[in-house]
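Structures are listed in the sections that come next.
Shared between the two complexes below is chain A, which has chain B as its partner in the first and chain C in the second.
What follows is the complex of A and B.
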């Protein structure tokens, strides 16, 4: 479809932008970036995840500027991302080195290393806390002090504990297939547009930056019968993983010479999916495959839904929309979907007029034939 | 001490040691700024555990600085927006590359800082272990 430019409205647009500022300022309250960082962690995580740029500070700024609109905040972050240089690629992140804050399994109650609830809403009463309407900084300080005092008596071990993966334990038992490390260069969807059929690496990259609601809805659709995957969660883990990189001009491959640059907080999920396969006697046998999900920050619903869709897309089937990679991958991107929907608000006068003219012409010809 | 372990200590620590080390270098040696601290990105490569393959997870905002000391260029890289620490890291990196004599004395300080970091991490983990749970299945 060709686009026809329109002009005009400069003064009205200026006035509209002023009005936008007025709407944000008229309450005469200022939301500090540090307040968003301290109290809106889930939102910050979602913005980082959907914009595919890990920076809590910039995400908080985008949330403030977008007045809490997720689509606006993600748009701002993606736009800012396009202005930044990217000189480095990390060494492969090894999730076994995660400093775990939370780790649960819905498949086994006694997982090696144990289950850690961490901080979660999962077991809270979903009742509005009216006390928060009159929150008092002094009371909060007192609560914090009491909580810290209660922790100070805890004796720590000498060493930090790293948790084994549940799936590794099952692989050792021979219950899951073991795959040799595949070091093939991944596709980068930010450098080349998607071509179908695509690669596993491209699928994972698109899904991890997918819109939380869209990824969740498509994952849910699979559970409801618009797909063939209904997994059991093997392990959900939330925590911080270290990031290392080698010097871009390095000739020395010594890992001890790499840069440690800090850590990022992620959620990782492995889902166990029963599949029927033919055994050596050509009989149907039950096996498990793994669906994989991961995203920036703590967003377990999205990571679980991603693990469902990962498994769906590993088994293409045009009978089910959630097993169709074009359908899933082209519709879960926040900027693509919200951008295309919202462009409908912009002037379409010429295209609509031409359709109107066609209908008028048809009606006129119909009237002429009748008479 | 090699760069990987050194940068782990200097970034995971509270920043005072990095500042002290960098200042002691710049007080004595000429330090030329090659690249002023600037924001950029690093693309994160991950290995997924279903098929053991690699993919790109997304980008992480970093601050990068480069300096030259005694003919050696040092690079400072840190996640987030932290221009000062990036500059300190670049100075320390250049100092180690140039093998300045001052660096010999810092080994013990770095090891002590590492002990403190690990102790703090173990303490935080012990506190989190209060949320360790034993789910029991019930007879119906």
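What follows is the complex of A and C.
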């Protein structure tokens, strides 16, 4: 049945979708949601981050349904997100209260509180582990048991200690400006369309839900020379932060009345960027500023790239694409960019026919002039 | 599907190609020689350029030292050492004078190097003109035309703005009076160590696919004006809190108990040496 004459499209689509199902089932293996949850953590984190929906289970389902395609998984999650009502806004998250799993500084050797490597691929060698081709559940159980036994001899501290922020030390020295917290209601980019020039809260939201690869690329471009920001990472921390909401019917703002609604795991980055500022005598002086990045789950590359772009966009500069907020913010969204690129696969018969006609006419006239 | 790793990871053809680029780099001091940089088992930007040089040069009898930010025990140094040793079985050392290959990130050791040693520096951004020109095509032409006005202008603008030059690490240098070169992000403190160095200095940038070199006894001058001379980092006359040395590059640390700033040798193996020799003197004198 032909596709072009439109008729028969219904049957063609049915057959195509059936074929898709066949491709997923033909190997006769079933990937369990729990398998994705326990072994594909970083993919789950990326999908949650890019879809602005914190739900590991749904992200795993989306990954399964999308057969591992990030593009599909994020698409599915965002579409699902549209069906959910927004009930509340949380109170400001106090990142200082994070239960830190990993915390490193590339600026100072001995940061107060110390460096905590946590789980990271950073110091592994990327050599294919052929042993994984025949992993054995029994061996894994034994490894787990040994690991847990080795941990049991380590004594935990009696009280919970929070890690101080590296930047606080430099603030005391006057190398960073101290700002009053901006408690203005942030723009919600899912409820309002972006207007330019935009606000920092909107920029940070668009970047945190931006496509990991795109955010990374633009951040990299700034580092390489197509931008002016090349920071030193002050602090990267990964861990869980508690989320609270205010009592919906009470107007007084007693923190005691807030509801704890759970915790989310995030990556937070503060980058230090030297900038030129005017001092009190109106002379140019050098000072540090912070580039900020945060995203769901553990995705340090994206959070660092976001911190670079945050600084870039704080300092607009038409010379560099990475300092142009329209250029960056309008192009990093996964659903928008992949959607419009893939629309090129749709029929363009009418527009192309029209283009063809134009080109033929121009060519004809051209030859007429020549002869 | 299983594969055993070759000696020093690379196949012999790859090593040969890298050595050939290295020879060209030595022949044209400071000139950035493009090479077919390989994907390595460590991340781009974590020292793959240096690692490729090390692996292409190393032989079974070599003794290797790897430092990162002055420390032999720094995470990245440990990781690189582990990889080279696993694929070659060479001997490792922390002692600068015992090594014949020294791969380093961001530092030149405090102990002067000798003609029997090769220093390999990891380079993130080999192009000294990158801050003034984003395009690779254009910077290459500027090098060819000996057009370094952009680099000079950068320094001049800093003087106009801040009253002095305000470069950080990676202060550009003139090599052999011809090419302006990024000395890898070594502190300005280490720039003079490149001048007439007895050891061969090789610089490798894996991500940017460039190899360049400072051959032994080559002139290396930091860019500066007569009336605004080049200056190295200052540490307010402080000395190392452990060994007391003052004329070395120091780390600024925060004492967690007192909250005060303290200083310590950045080159950890040098500091250890100083402490050991003091200890020895102490022991001998007490026995005497």
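In the analysis below, the second predicted complex is superposed on the first by the 348 of 371 C-alpha atoms of A that agree within 3 Å, B and C clash if a C-alpha of one lies under 4 Å from a C-alpha of the other, contacts with A are read in each partner's own complex, and residues count from 1 in each chain.
In the analysis below, a contact is a pair of C-beta atoms (placed from the backbone, for glycine too) under 8 Å apart; a residue touches a chain by one contact, two chains touch by 3 or more.
These figures come from a predicted structure and were not determined experimentally.
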item: First, second, both or neither for A:126, with chain B first and chain C second; value: second
item: Residue contacts on chain A - larger count, chain B or chain C; value: B
item: Which of chain B and chain C A:298 touches, first, second, both or neither; value: neither
item: Which of chain B and chain C A:117 touches, first, second, both or neither; value: both
item: Which superposed partner A:169 touches (first chain B, second chain C, both, neither); value: second
item: Partner chain in contact with A:157 - chain B first, chain C second, else both or neither; value: first
item: Which of chain B and chain C A:334 touches, first, second, both or neither; value: neither
item: Which of chain B and chain C A:267 touches, first, second, both or neither; value: neither
item: Set intersection of chain A contacts, chain C complex versus chain B complex; value: 109, 117
item: Chain C contact footprint on chain A (complex, rising order); value: 108-112, 117, 122-123, 125-127, 130, 133, 169, 224-226, 274, 276, 284-286, 320
item: Footprint of chain A on chain C - complex, ascending; value: 1-2, 5, 40-43, 69, 75-76, 78-79, 82-83, 86, 125, 127, 130-131, 133-134, 161-162, 166, 168, 251-254, 256
item: Complex contacts: residues of chain B adjacent to chain A; value: 2-5, 7-8, 11, 38-62, 64, 75, 77-81, 118-119, 121-123, 125-137
item: Touch list for chain A against partner chain B, complex; value: 49, 52-58, 81, 84-95, 99, 101-102, 104, 109, 114-119, 151, 154-161, 165, 167, 179-190, 200-202, 204-205, 208-209, 242-245, 247, 254-264, 266, 270, 289-292, 294, 296, 310
